[in-house]
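Some structures to go through are shown next.
Note that subunit A is present in both complexes that follow, paired respectively with subunit B and with subunit C.
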Partner chain A sequence: MATSTTAPGAARPDRRDARAGTPEPARRRRPRRPLLPYLLLVPAIVLELAVHVVPMAVGAWMSLLELTQFHIRDWSTAPFIGLDNYRATLDIHTAAGRELLHSFWVTLAYTLLSVGLAWLLGMAGAVVLQRPFRGRAVLRALFLTPYALPVYTAVITWSFLLQRDTGLVNHVLVDQLGLLDDRPFWLIGGNSFWSLLVVSVWRNWPFAFLCLMAGLQNVPDELYEASAIDGAGFWRRLRSVTLPLLRPVNLVLLLVLFLWTFNDFNTPYVLFGGSAPEQADLISIHIYRSSFKTWDFGSGSAMSVALLLFLLVVSAGYLLITNRRRDHA
Partner chain B sequence: MRETAGERWGRRIVLTLLALFVVIPLYVMVTSAAKPLQDVQNGFTWWPSRPTLQPFVDMWSTVPLARYLVNSLVVSSIAAVCSVAVAIFAAFAVSRYRFRGRGVFSVTVLSTQMFPGILFLLPLFLIYVNLGNTTGIELYASRLGLVITYLTFSLPFSIWMLVGYFDSIPRGLDEAAQVDGAGPLRTLFQVILPAAVPGVVAVTVYAFMTAWGEVLFASVMTDEGSRTLAVGLQGYSTQFNVYWNQVMAASLVVSVPVVAGFLALQRYFVAGLTAGAVK
Partner chain C sequence: MSTRRHLGILAAAVLAAASLTACGGSGDDAGGSGKTLTYWASNQGASLEADKAILQPELDKFEKQTGIKVNLEVVPWSDLLNRLLAAATSGQGPDVVNIGNTWSASLQATGALVEFDDATLQAVGGKDRFVPAALAAAGAPGKPPAAVPLYSLAYALYYNKKAFADAGITAPPTTWEQLAEYGRKLSTGGKWGLAIEGANPSENAHHAFTFSQQYGGEWFDSSGKPTFDTPQNVAAVKRYVDFMATDKITNPSNAEYAQNQSVSDFANGKAAMLLWQAAGSNLKTQNMAADAYGVAPVPFLASPPPGGKKVNSMVAGINMAIFKHTKNRDGALSFVKFMTSDEEQTILNKTYGSLPAVKTAGTDPAFSAPEQKVLQETLSTTAAPLPQVPDESTFETLVGTAIKELFADAASGRPVTEESVKKKLSDAQQKMR
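For the complex of A and B:
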């Protein structure tokens, strides 16, 4: 944090300064505008409350109601049914529970593969663009383009590539290379999972690339020089210099990518036109479809809350483990 | 430090593969936008049999693209400007003041960014519908509702990036202004903001892109009159036909401005990310 660079006695109330042994100026200034920072935050807080916090609380409440199509127009009439929605949707002995569990496993596999591949490509791109060479700026701009595209145009373009009869993928695989005899379907059936994965990696790897590139800018050249003089080859330098120095970036990047990918709605929604095949039924799509198909918002909310709890537990566990490792190191 | 031959070839191969992976879909988008309809109906062609700009003309009449475009422009611009205005004040408070709840605020705001959108969708949908029924404030299926929703989507990251920029502006400048008798708001507007213009522009573009590309809420919270591009572009597939050449032409037209804006400002995004990652 940049606060430590402030001279003691700067014209802002700063508890750290007070602790640093020069309490006089800080204490004298404090009563001047004690409310100002809060006033500055009011618009942001109001909006966050209105669109995120309150709806989240309402969502938790909705998950305890029998909020079916009969009660949506006037939700005050919806009866309170306690945890029945959770029992109905999370019980793996029912059809709904089995479908949700299936969707969970599909989402988990999709997320782990997509994040892993996006990170790998981002890392490769950042490392090969680390040193200056002619054309580097052009390539960097090119690599960032998939991330800059609006998600729906990127995914629509991919769905054109993946069309069975008019797409590039089958044209190359079947007509030009002759690898396959039949034209496979890429957007329905078992292949749809892999299509979804490729599209998501194409779209997300530039974000990993951007973050890792930013992280690499902080790695001093002298470290590479020194390790090269010590006789370290490319992989050794990657393992002993680059990766340890990128650790802080990676910790955040992997968690953010995990959460974004796990919650991904846009890619499957646009790629499959609103109805994901069973093999690519990601959890966001699953909740969306089951909520708006049956207009049962109560059980939809129950699934959303369960999803949130799962993500909170995973994130907390991740942060605990990575922090503990750092303390031991 | 000299590069070995193996490293040089490795670098070339990796660059080629990555570039091909990125370029092929972009190439198809651009070339297909210039194809006559029969080129995209009967199999795939690498190059238009007869390059034409007709798709760029026809795309406006197949679906009401102009209306979607205006809706997206209005919603995204207003959301971006409001989001940045709100973020500037919040970032100023977080960067320049130490107050109780500062840490809680930063963590809470950032963590909402990580929550599943579907979690807010159902309650917000009901809140907007019921609010319209009881008070007559039409947020459901209106552009106002979309503006309010989208501006909070970009808010967390905008605040985070702006705090990074503001932190990098020397506090000596603030102090000099205060010695001259400027209050906090004048310091913000006359000292800090002018020094942070690139950051503010980058954050505005980011907020615009967020609203421009949002799909989930657009698919539920809009009707035919307020529909944005995110949903509207899917209208090119009819029961009998998908006008892929027009879809690609429309995709190209709605992508070029945001891609150009992003690429022009990319080094500021990198700077913002670095500033954030150092924390």
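For the complex of A and C:
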């Protein structure tokens, strides 16, 4: 990292010297700030505003309105109710608040487990495929398949597999292997959480694998050789060479996976339909149900904004901690 | 340097997190102008493709008559309400749409639909053309309807004749007590008495309405306030869930059914009874012969409690509405008039196995088939409209989902008691504002 930061800085004076050497018109004494780069940025900024910032602001505004079916056609008629939506949805003494809190814990457990498992699998896959061997390319392609499949197709297939009477999972577990006497439910009740987790890990681990594999390309072989000469075994090399050098990759990978999984809508929606079982009631589905299915967009937005704030705090905290640790190191 | 990089990552993280806040509609096709109309049809046939094949020739006929081209899109039920909401919010989208008749008052409240006052009704043939019960389910009482009825439906009890004969049952049940008793006889050898679409909130809510009427309950009081957890409603919901929980005449697997698997189970003989709206056309596509099943009115309670009503179905059906944002209101009205004409009503309702929503189209012999006769009789004597209040679609979602969870409890062997039913319904009611 250090070399990459100093390199451009070091190069710049050279370039300036070279330019000073060539005869230039005298009036261009003061280096003018070129306009072109900023102009080139304009489309990106406009799009960024239109795609992210404005909808976000509108969402925040919606959370302060009583936006029900009576007002969705003309938002200006929706009564401004200040923080009432927040009070109604975040008060854990009401049914709505209790369910939101429950959904929050479910989502948190789901996210931590899913990200952890996806990372572990991705890491294992990347380390196994680090050295060239016959068939490595085939395995790489195979490992990436879940990530390449369209979400809907993949998850619908899972929902077929997991059906109680006709699903392949129960067919194998009960009819063929005889491991269980009763056909368990996978899409309702307590098992639905684990079904969701398995599908999520299955979908996410290739991304972790891809990032870590790319990261491993940058680990110089000499370090492994040197540590091997020093007598370091596999685990020692993993701990002292691989992981520290993958740190920048992991830093981003874990954060992005966390946010994606926490916000994941497609997987539970396709797996369970619009209303997920209580035990797998992820917050994104919960918000969807609270706004679209019950036509109360104000309280749905309030939940979204609260969630956004939570994720902001988590992200900022995460970066602060990782940053400080690096400074101390 | 590293702080700036981290700021960058933080910014990216914020944006990733924000994607949730930024959900919006996607009504992209502009309202029809001049000589074209956009029409969203609901999924009435066996598949979206089947609907297209059924409707397109009629739309071509309309184009020939009037020169107006109708762009058809068949929208699956799971998406329809969301798409309608998006269209209502954005003022973009179709000119003419099919809506489930129970959504009429909810959608009416958005103010996005053309009101069918007397003059507007005159433009599509006049108020008196329509079956009164069907027109009553097209908007809140005391207001001009927000739509006109297109297809009329009601619930009926479908039963497998052979399974009944094998079990020595000679006539379909007329009371729920009989239904439970017969169901127990029929639930043997991997087969079950009654198939239920347990994970489909709408189906659950429809049955909750009927049972509640029979127990003398209401889901909303006269001022439109929810009354979900009254003793009558608790008894009604418990009666329905008990087919699985205590009578055990319903396969626990039905607790995860939401894609019409219960119809398939009935068609395949895995279940001997089914409560459904005009299942005939669906059963036909699943190769169940018309003489293999019988159709009877939905049962009643043997001894109804005081206040219990003689209602055994909701007034079900599909309505047709026009969005106010249409640029071709006259064209849209003439299209509605075309679709509710005697000829089209006969053709389309015959195909779908539903009943005409206009009085003058019922003469075709197809509408006096045994199934249609039962539906007809139910509609004209013992059907009641679901509460036409703006919160109706919220009721369907909340109560339907509560029942879905109760079925899940029953399926996994947890007891379903009066307390647990009451708690679910109270929680659902608390979420209404």
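Basically, the second predicted complex is superposed on the first by the 296 of 329 C-alpha atoms of A that agree within 3 Å, B and C clash if a C-alpha of one lies under 4 Å from a C-alpha of the other, contacts with A are read in each partner's own complex, and residues count from 1 in each chain.
The definition used in the following text is that contacts are C-beta pairs under 8 Å (C-beta built on N, C-alpha and C of every residue); 3 or more make two chains touch, one makes a residue touch a chain.
Just so you know, these numbers come straight off a predicted model, no measurement behind them.
**Student:** Per the contact definition in the header, classify A:Ala148: touching subunit B only (first), subunit C only (second), both, or neither.
**Tutor:** After superposing on A, A:Ala148 lies in contact with subunit B but is clear of subunit C.
**Student:** After lining up the shared chain so the two structures overlap, which partner does A:Leu187 touch, if you call subunit B first and subunit C second: first, second, both or neither?
**Tutor:** A:Leu187 contacts subunit C only, not subunit B.
**Student:** Taking the superposition as given, does A:Ala88 touch the first partner, subunit B, the second, subunit C, both, or neither?
**Tutor:** second
**Student:** Examine A:Lys293 and indicate which partner it touches, taking first as subunit B and second as subunit C; both and neither are also allowed.
**Tutor:** In the superposition, A:Lys293 touches subunit C alone.
**Student:** Is A:Asp230 in contact with subunit B, with subunit C, with both, or with neither (first, second, both, neither)?
**Tutor:** After superposing on A, A:Asp230 lies clear of both subunit B and subunit C.
**Student:** Could you look at A:Ala316 and tell me whether it touches subunit B, subunit C, both or neither (first, second, both, neither)?
**Tutor:** A:Ala316 contacts subunit C only, not subunit B.
**Student:** With the two complexes superposed on chain A, say which partner A:His52 touches: subunit B (first), subunit C (second), both, or neither.
**Tutor:** Both subunit B and subunit C are touched by A:His52.
**Student:** Is subunit A touched at more residues by subunit B or by subunit C?
**Tutor:** Result: the larger residue contact count on subunit A belongs to B.
**Student:** Can you pull the subunit A residues that subunit B and subunit C both touch?
**Tutor:** After superposing on chain A, subunit A residues 5, 51-52, 55-56, 58-59, 72-74, 163, 165, 252, 256, 259-260, 263, 265, 273-274, 284, 287-288, 292, 301, 304-305, 307-308, 311, 315 contact both subunit B and subunit C.
**Student:** Under the touch definition given earlier, write down the residues of subunit A that touch subunit B in their complex.
**Tutor:** 1-3, 5-7, 10-16, 33-34, 36-38, 40-41, 43-45, 47-48, 50-56, 58-59, 62, 67, 72-75, 121, 124-125, 128-129, 131, 139-154, 156-158, 160-161, 163, 165-168, 170-171, 175, 202, 210-211, 213-215, 217-218, 221, 224-225, 228, 234, 248-249, 252, 256, 259-260, 262-263, 265-266, 269-270, 273-274, 284, 287-288, 291-292, 297, 300-301, 304-305, 307-308, 311, 315
**Student:** With touch defined as at the start, can you tell me which subunit B residues reach subunit A in the complex?
**Tutor:** Contact set of subunit B toward subunit A: 1, 3-4, 6-7, 10-11, 14-15, 18-19, 21-26, 28-29, 32, 40-44, 85-87, 89-90, 92-94, 96-99, 102, 105, 108-109, 112, 114-124, 126-127, 129-130, 133, 148-149, 151-152, 155, 159, 167-168, 171, 174-175, 178, 184, 209, 212-213, 215-216, 219-220, 229-230, 233-234, 237, 244, 247-248, 251-252, 254-255, 258-259, 262-263, 266, 269-271, 273-274, 277-279.
**Student:** Taking the touch rule as given, give the residues of subunit C at its contact with subunit A in the complex, in rising order.
**Tutor:** 1-3, 6, 9-10, 12-24, 78, 82, 85, 88-89, 91, 106-107, 109-112, 199, 201, 251-253, 255-256, 258, 390, 393-394, 397-398, 401, 404-405, 408, 411-412, 426-428, 430-433
**Student:** Write out the stretch or stretches of subunit A touching subunit C in their complex.
**Tutor:** By the definition above, subunit A touches subunit C via 5, 51-52, 55-56, 58-60, 68-70, 72-74, 88, 94-96, 99, 163-165, 183, 185, 187-190, 251-252, 255-256, 259-260, 263, 265, 273-275, 277-278, 284, 287-290, 292-296, 299, 301, 304-305, 307-308, 311-312, 315-316, 319, 323, 326.
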